[in-house]
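Next up: the structures, one after another.
You will see two complexes here that share chain A, one where it goes with chain B and one where it goes with chain C.
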Partner chain A sequence: MSRLPPQPGERIDRSRAVTFSFDGRCVRGLEGDTIASALFASGQRVFSRSFKYHRPRGLLCCAGQCPNCLVAVDGAPGVRACTEPAREGMRVEHLNARPSLKWDALRVTDLLGGRLMPAGFYYKTFLRPRRLWPLYERVLRRAAGLGLAPASQDGRRRRADYRRRHADVLVVGGGPAGLCAALRARVLGADVVLVDEGAEPGGHLLVEGRSEQARSLAAEAHEAGVEILAPAAALGFFDGLVAVWHGDTLHQIRAAQHVAATGAIEQPLVFAGNDLPGVMLSSGARRLAALYALRPGHTAAVATATDQGLEAAVALLDVGVRIAAVADLRPAPDGRALRRLEAEGIPVLRGATVVCAEGRNAVRSATLARVDGDGRALEGSEIEVPCDLLVVSGGLSPATALLAQAGAKPAYEQAAGAFMSQGPLPAGVHAAGAVTGLHDDEAIELSGRVAGAEAAHAVGLGDAVSHARLERDATRLAELRPATPAGAVPPASAVSGKSKGKCFACLCEDVTTEEIRQSVEEGFDSIELSKRYTTVTMGPCQGRMCQLPAVRVMARETGLELAEVGTTTARPPWSAVPLGVLAGRPLQPAKRSSIHHRHRELGANVLWAGGWRRPYDYGDPRAEVMAVHEAAGVIDVSPLGKLLVRGPEAGAFLDRLYPNRLSTLGPGRIRYGILGSDAGRIMDDGTVCRLDEDAFYVTTTSSGAGAVDEWFSWWLADWCMDVQVTDVTEALSAVNLAGPRAREVLDGLTALECSNEAFGYLDARQGHVAGVPCLILRIGFVGELGYEIHFPSAFGQHMWDVLLQAGADAGIRPFGLEPQRLLRLQKLHVIVGQDTDSESNPYEAAMPWIVKLDKEDDFIGRWALEQASERELATGLVGFQTSDGVVPTEGAAVLVDGAPAGRVTSSRFSPKLGHVIGIAWVPAELARDGAGITIADNGHRLSATVTTKPFYDPDGTRLRS
Partner chain B sequence: MSFVLSCPVCGAREVTDFRYGGEIVARPDAGSSPSPRELNLYNYFRRNTAGVQREWWYHRSGCRSWFVAERDTRTNEVLSTTLPSEEGVR
Partner chain C sequence: MSLDFLSPDLARPDRGFEPLARSPIEPSLRRAGARFEVRDGWSVAIDLGDAAAEQEAARSSVAVADRCALGKLEVTGPASSLPELAPGAAVHREGAWWCPVTAERMLVLCPPVATAELRERLPAVDLTTGLAAVGIAGPRARDVLARLSALDLRPQSTPEGGFRPGSVARVPAMVLREGGDRFLVLFGSAYAQYVWTAVCDAAGPLGGRVVGAGQDA
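Up next is the complex of A and B:
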């Protein structure tokens, strides 16, 4: 199809072609085309199949408002063809039709539909038998819907980032009102952001062929310094923060003042066949002609409730469309457009509208008729008009959704026949333009300037001159506010004897006026209930096209006034948005120790552990365990939390936080500590080492590092003690050198005296190892002689290399988390969070010795632990071993009399001991050596024997040797 | 939920910069011996005020300070933010 001669302000560049594919067919468009305009130019008229009935649908709004042109682009569904620019090489496909868009087998649901698919059929029909639901679900999912999301992450094209933007004024809507508001606020000195959902700002000016005026207004605003985002959809108003989707960025805009210049949405008319391809909103038809130089049809019938339809008829006439007839709902329309049409000899029916459109896959004829107040055709007034384009205009509905989300109260305004924001707006919120019911050019621009000035003044800008001007403008605006409504109010639906077929109130979800009637009959007689039952207004248009028609049908069926029916609650998102934009990048930042690359080189199996990437093992966990028992092993424990607690009151501070005494610790000595809450529950554990009189070095679990730092600084903030807490977790790396030959390895690398007498168990020494300044803690989590060496992270690889080299003769091996877990299990050393949970206290966790209730001063958890110590224990944490070699799952139940009464928290096979060992919670009466317990695991019963002492080296002689 | 908090050290930041520390609860006096009921009230019960409450906030993505805010829980209006004083806050 050829284009019209160049139109003033057209968006296409006729010298540059764009080629893309649609369902495998090659489509040639022009630079500046949308997918839809290029397809329309190529002759395409059916763009989608409807949600339920699979009816063909064509272009309606051409403005991204309706669901009719949703397509998939490069595999991503839910793209509006009418706003998405055509790009070279893009792959466009239809949604929801099989085998093809042209011939859709499921159209059968439309032909049978009426009786077989009543309102709420989904809830009524697929209830029984219940066991067939999975089958129903599969079939329904394939039959309905709006396309398939890509199955894998790799198929996701979009990678969205977010941006925070703080501004004085945010203007939503870039029509003349929004542009004037933004410019005025900017001129007064405000930092202004303007967002518009169109490809370029301009609003209705673009539709009306006044693109040059729109572009010069936008250029003026841009040059003045207004930040303009377009196409950018404002998704919602969240406590003053407006989320805006703009390309691959989600802007989170927080402005002190908001101007809603969101305009008004042209409403469709409701009549039989109102969804046929070829039925277009007047603004949609004009957009095609004005911006893309396309003739929307050859012969048109026009039905309107306002001057908008008449003006569209004139505009279409000017691009060579034959106007067959016009039906104006108003009894006595007047104006320039009407006079022009009549001068051209075009019949204009008064008090008339369209009652029926016919055609199979496109409009072939429209029946116009004069109607009574309820929309019923007057006897004998029908005329059938052959046409391939039916232009409809049901008046404007102010786009109040964002205002309502901000707290405004939209209410029905009888004269305008629409819902508008009534009464004062919420603080900091202003409205301008058509959203306030204005339709006169001068009034719209003036309202923008008033709103912009008010917003700027509210942030403290402006002077006496600007205040005086605002007063003058506001007075003039009040004079311009229209006294009479712009048009007639369309009926809920227009019908005649000739009307056959479905009248759609909601195109997105395929809801007919008949279904709304049924829902009222079944008792869903409030708009909120009917919405949930029929899903009217819940589709991609978010009520833009269906809210008002649905309310009108509800009013008719319930006999209520429209004001009484009201609207549904406005909720975000106001515009459909890909979930990927909200989700952002799929990022999970990984922490890696300074030795990480060495682990990789050694072939470690690396896994997530908390936020860290850590070696699980180096390929042979059993050999790694045996090396620690028999020679030496080294493990990277850099993720351990590390806090420096310093100051004159450091000892007293720690005494208040831990249930045991730490102020009595001598310099160079180490004590184990458990951190608890005031409820007496175990939160974390670790070691505390006194460095000198005023300084302690505290280690925490790897996953608890952040929480412990916050916990310490929280109490410190409250107590205001003379203490500083410094988190050095990532500044220092640490390795644990363990095994009977650990001493000789260390001895060769340091000048420190390493003998058991000089450097005993639970001693700490500061000195150089391999030339690196270190803090060495002699502790034994894994149950053998061991040295935990802490040092500046920068030396990680050096330290690792030197240790492995120095230990080569001794048979040193690196070991990972899995061998460490087994080694500590053999010693019954608990892992907080694995063997304990948020309910565990030290008494139940078999560590009563750590609570020093005879401490003089208060400490966190004291009262709860006092009370716990007086209660009889209900459960106990114990070790167990089994003889049959089966390793129970961690989490398996411990049974008493056949009922669960505890659970397994850790379990492993120990090659050193030759049997299965574990830790479990058991009832207190079973928490004694030699008690027999039963474990239920995956349908099997295992017998186990309780032990309360470590499995390996119960007396700790190896640790202390 | 979305609002701006003013950290007493760093200044105004989005709420997502902070960790909420809950309403301020009076801890029983050191040296006292609260009854189980009093202890449970302190540990587990919250007033859940619909109105202005004093609460803890932690500037996790900033200076890592704990501070006290007065916030209207109905509107998320933050009336004041202060660092804790020597007298203590609980």
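Up next is the complex of A and C:
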């Protein structure tokens, strides 16, 4: 189809072509075209197949409101062709039709399936046999839907960013009201963001051929400093935060004041065949002509309930469309448009509407008729009008969804025939323009200025002059508010005496008026229930096109007033949005030690461990274990929690937190500590080192560092002691140098005296190691002579390299978490959280010695531990070893008389000991050396022998050597 | 005993070893081709091969720089014992930023050479290696941060010296507006590689680039 001559304000650039493919066919459009306008220009009239009945669908709104032009672009489904700009080389494909858009085999569901697929048919059919449900589901999913996501992960990948934006005022809607509001607020000094769904701001001005006025307003706002986002869909109002989808960015806009200038949505009419290609909203037809210079049809019939349809008829007439007839639902319309049409000799039927459209894949004719109050055609009034375009206009429905999400209460207004926000708006929320029911140009712009000024004043801007002007504007606005409705209220559906075609209330989900009637008949007699049963309003248009028609049908079928039926709850998203945009960039925080890159270079298997990325092993865990036993090993223990506890009352503070005594610890000495809860349960463990009279250095488990810091701070705030707690976990790296040759390695790197006499077990020393200031703790989690070296993390690489170099002759090896777990298991050293759980107390965990009930002062969990000490133990944590070489799964059950009575918490094969060892919870009577236990694991029974002493070096000779 | 083991500036040549402090971001910078120089005991990225382009990025879009070597000292105590600062408002004096974290906790940011003297004088706990620091500077600096943080960094909310504890790239962080479009982001040093990657990822599409020390001035 050739374009119309240049139209004033058209969006296309006739000098620049854009070529893309549609279902493999090459399509040439113009710069500025949308996919839909380019396709329409190329002669395409069917754009999609409907959700359930696979009926052909054509352009209806041309404004991104309806579902009729959904296509896939470069594999991404759910793109609205009528708003998506045509881009060079893009690949556009139809959705939901096989084998082709033109010949869709599943059209048979329309011809046969009306009775077979009533409302909620999927709740009633495909139920038996149940085992076939997966097959049914697959068939249903293929038959219905709105396209498929690309099968491969690569095809689904897209970059989407979040952008947080704070503002004084957010204006949603870029029509004249929104632009005036934004400009006024900006002029008063507010930081303003305006978002608009359209390709450019302007709203109805663009449709009405007043693009220059729209662009001038937008330019003025832009130059004043308003940030304009378009096309950008406001998805929802979340407690003051408005999510806005703009390209590949999800803007999270938190504004102090919000102005809803969301306009009103032109409503379709409901009649038989109302979904045929060629049936267009009046605004859609005008948009095609005004912005894209396209003639929407050759011969048109027009059915309207307001002046909007008449004005569209005039506009179409002016671009060469022959207007065959006009049906105006109002009994006595008037106005300039009407007079022009009649002057042109066009028949205008009063009190009439369209009752039927006919055609197979496009409108061929429309039947217009005068109707009664229920929409039934009056006998003898029907006129069949041959046409290829049927322009409909069912009046405007204010777009109140965002207002409702913000807390406003939409209610039915009889005079306007639509749901509108009633009563005062929520604090910080303003409304302007057609969403408030205004339709006069002056009133719309004025309402914008009033809302903008109110918003700016609310954030403390403006002066006496602006306040006085606001008062004047508000008074004038009140005078301009319409006293009379803009049009007639369409019936729930208009019905011809001869027509038996489907009347669609909801185009997205293919819900007919008959299906809503059925739902009421079956008891789903509220709009919320009917919505869930029929899925009306649940499709991509989110009720923009179908909310009001569905409510009208519901009112008719239940006999209720529309006000009583009400609307469905407004929920985000107000516009369909790709899930990838909501997800944003994948951010997964990971902690890494300063030595991490060295671990990678050494080929470590790196795993997650409590928020850290840590080396599990370096490829040969057994060899790493043996190196620690026979020579020396070094492990990066930087993730250990590390807290400085300082102040005159530091010792007393720790005494209150731990069940053992720490205030008696001498400077330079270390003590093991278990941190208990109020209930006496084990929360964490670690070492406490006294640095000097007023300072302690506390280590915690790697995963428990944050919680212990919070725990300390919480109690400190309560007790108000003269203590300061500082988390130095990330400030310090730490390595554990362990093994019989560890001393020899360390000795060559420091001036400190490292002999056993000068630097004994559980001693702490400060000094330089390889030139780095260090705190060295002589402790032995892995059961061999060991030094835990703590130092500023900036020297991680230096220290690691130096230790491996210095220990090379001694046979040093780096070892990872897995060897460490085995080494500590040989010593029966528990891992809190693995060998203990939230119910474990020190008595059951075989550590009664750590609880000092004879401490003078109270400590956390004291009462509970006193009670526990007086009770007989029910369970005990013990070591075990098996004889058959099978390693039971961690978590396997310990059986007594065939019933579970405990569980395995740790288990490994020890290459040093030559057999399988583990830790398990067992009934107290079995918690003794030599007791036999049975472990059930994956259907096997294993016999094991209990031990309460460490498997390796039970007397700690090697640790203390 | 003392808290010397927290202070990187106390490292010294010993027994043939010459310890060099390295930023936790250094491995990423090396992969990006950075050129390093030793400054005040730290290995510092001087540039990434094109100093002119780096300076241009700071002028026209956004420059991202590793500033982990900054001295960071924590001063704690009763509010009455600390310099009086309004909440959220850091001040620059004596060549250092004095940042109020809470009424009873203050962070002092200073050049590496000034750390030892300030630490002794205050006295303070040396958290130089506990916190990583990334400089984000340039006209699109706020755009980068807006992709990673919900903090309100508009000039009217966060003027020069504005100091905002919050979340950046989903980890606890503090943001200091040093002036104009210059921001300093502080966060736990164990997150350095992760945050650096996230910041660079956000800055890239905005025309940003990684720059060497001082190229973002």
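Just so it is clear, the second predicted complex is superposed on the first by the 936 of 961 C-alpha atoms of A that agree within 3 Å, B and C clash if a C-alpha of one lies under 4 Å from a C-alpha of the other, contacts with A are read in each partner's own complex, and residues count from 1 in each chain.
Basically, a contact is a pair of C-beta atoms (placed from the backbone, for glycine too) under 8 Å apart; a residue touches a chain by one contact, two chains touch by 3 or more.
What you see is a predicted model, and the numbers here were worked out from it, not measured in a lab.
By the document's definition of touching, both partners, chain B and chain C, reach A:164. For chain A, the partner that touches more of its residues is C, with chain B and chain C as the two candidates. Residue contacts after overlaying the shared chain place A:679 against chain B, while chain C stays out of touching range.
Contacts of A:713 after superposition: chain B is touched, whereas chain C is not reached.
With both structures placed on the common chain, the touch criterion links A:794 to chain C but leaves chain B unconnected.
Touch criterion met: A:589 reaches chain C, while chain B stays clear of it.
In the superposition on the C-alpha atoms of chain A, the part of chain A touched by chain B in one complex and by chain C in the other spans residues 164, 252, 254.
Chain contact summary for the complex, chain B toward chain A: residues 1-4, 14, 19, 21, 27-28, 30-31, 33-34, 36, 39, 42-44, 56, 58, 60, 64-67, 76, 83-86, 88-90. Interface residues of chain C facing chain A in the complex, by the touch rule stated above, are 1-8, 10-15, 17-24, 27, 42, 68, 74, 76-77, 125-131, 143, 146-152, 154, 156-157, 169-171, 188-194, 198, 201-202, 205. Residues 159, 161-166, 191, 252, 254, 585, 587-594, 596-597, 612, 638-639, 644, 667-668, 691-692, 695, 724, 726-732, 748-749, 751, 764, 766, 768, 770-775, 790-798, 802 of chain A are the ones touching chain C in the complex. If you check the complex, the residues on chain A that touch chain B are 164, 238-241, 252, 254, 677-679, 709-710, 713-714, 717-720, 857-858, 863-864, 866-867.
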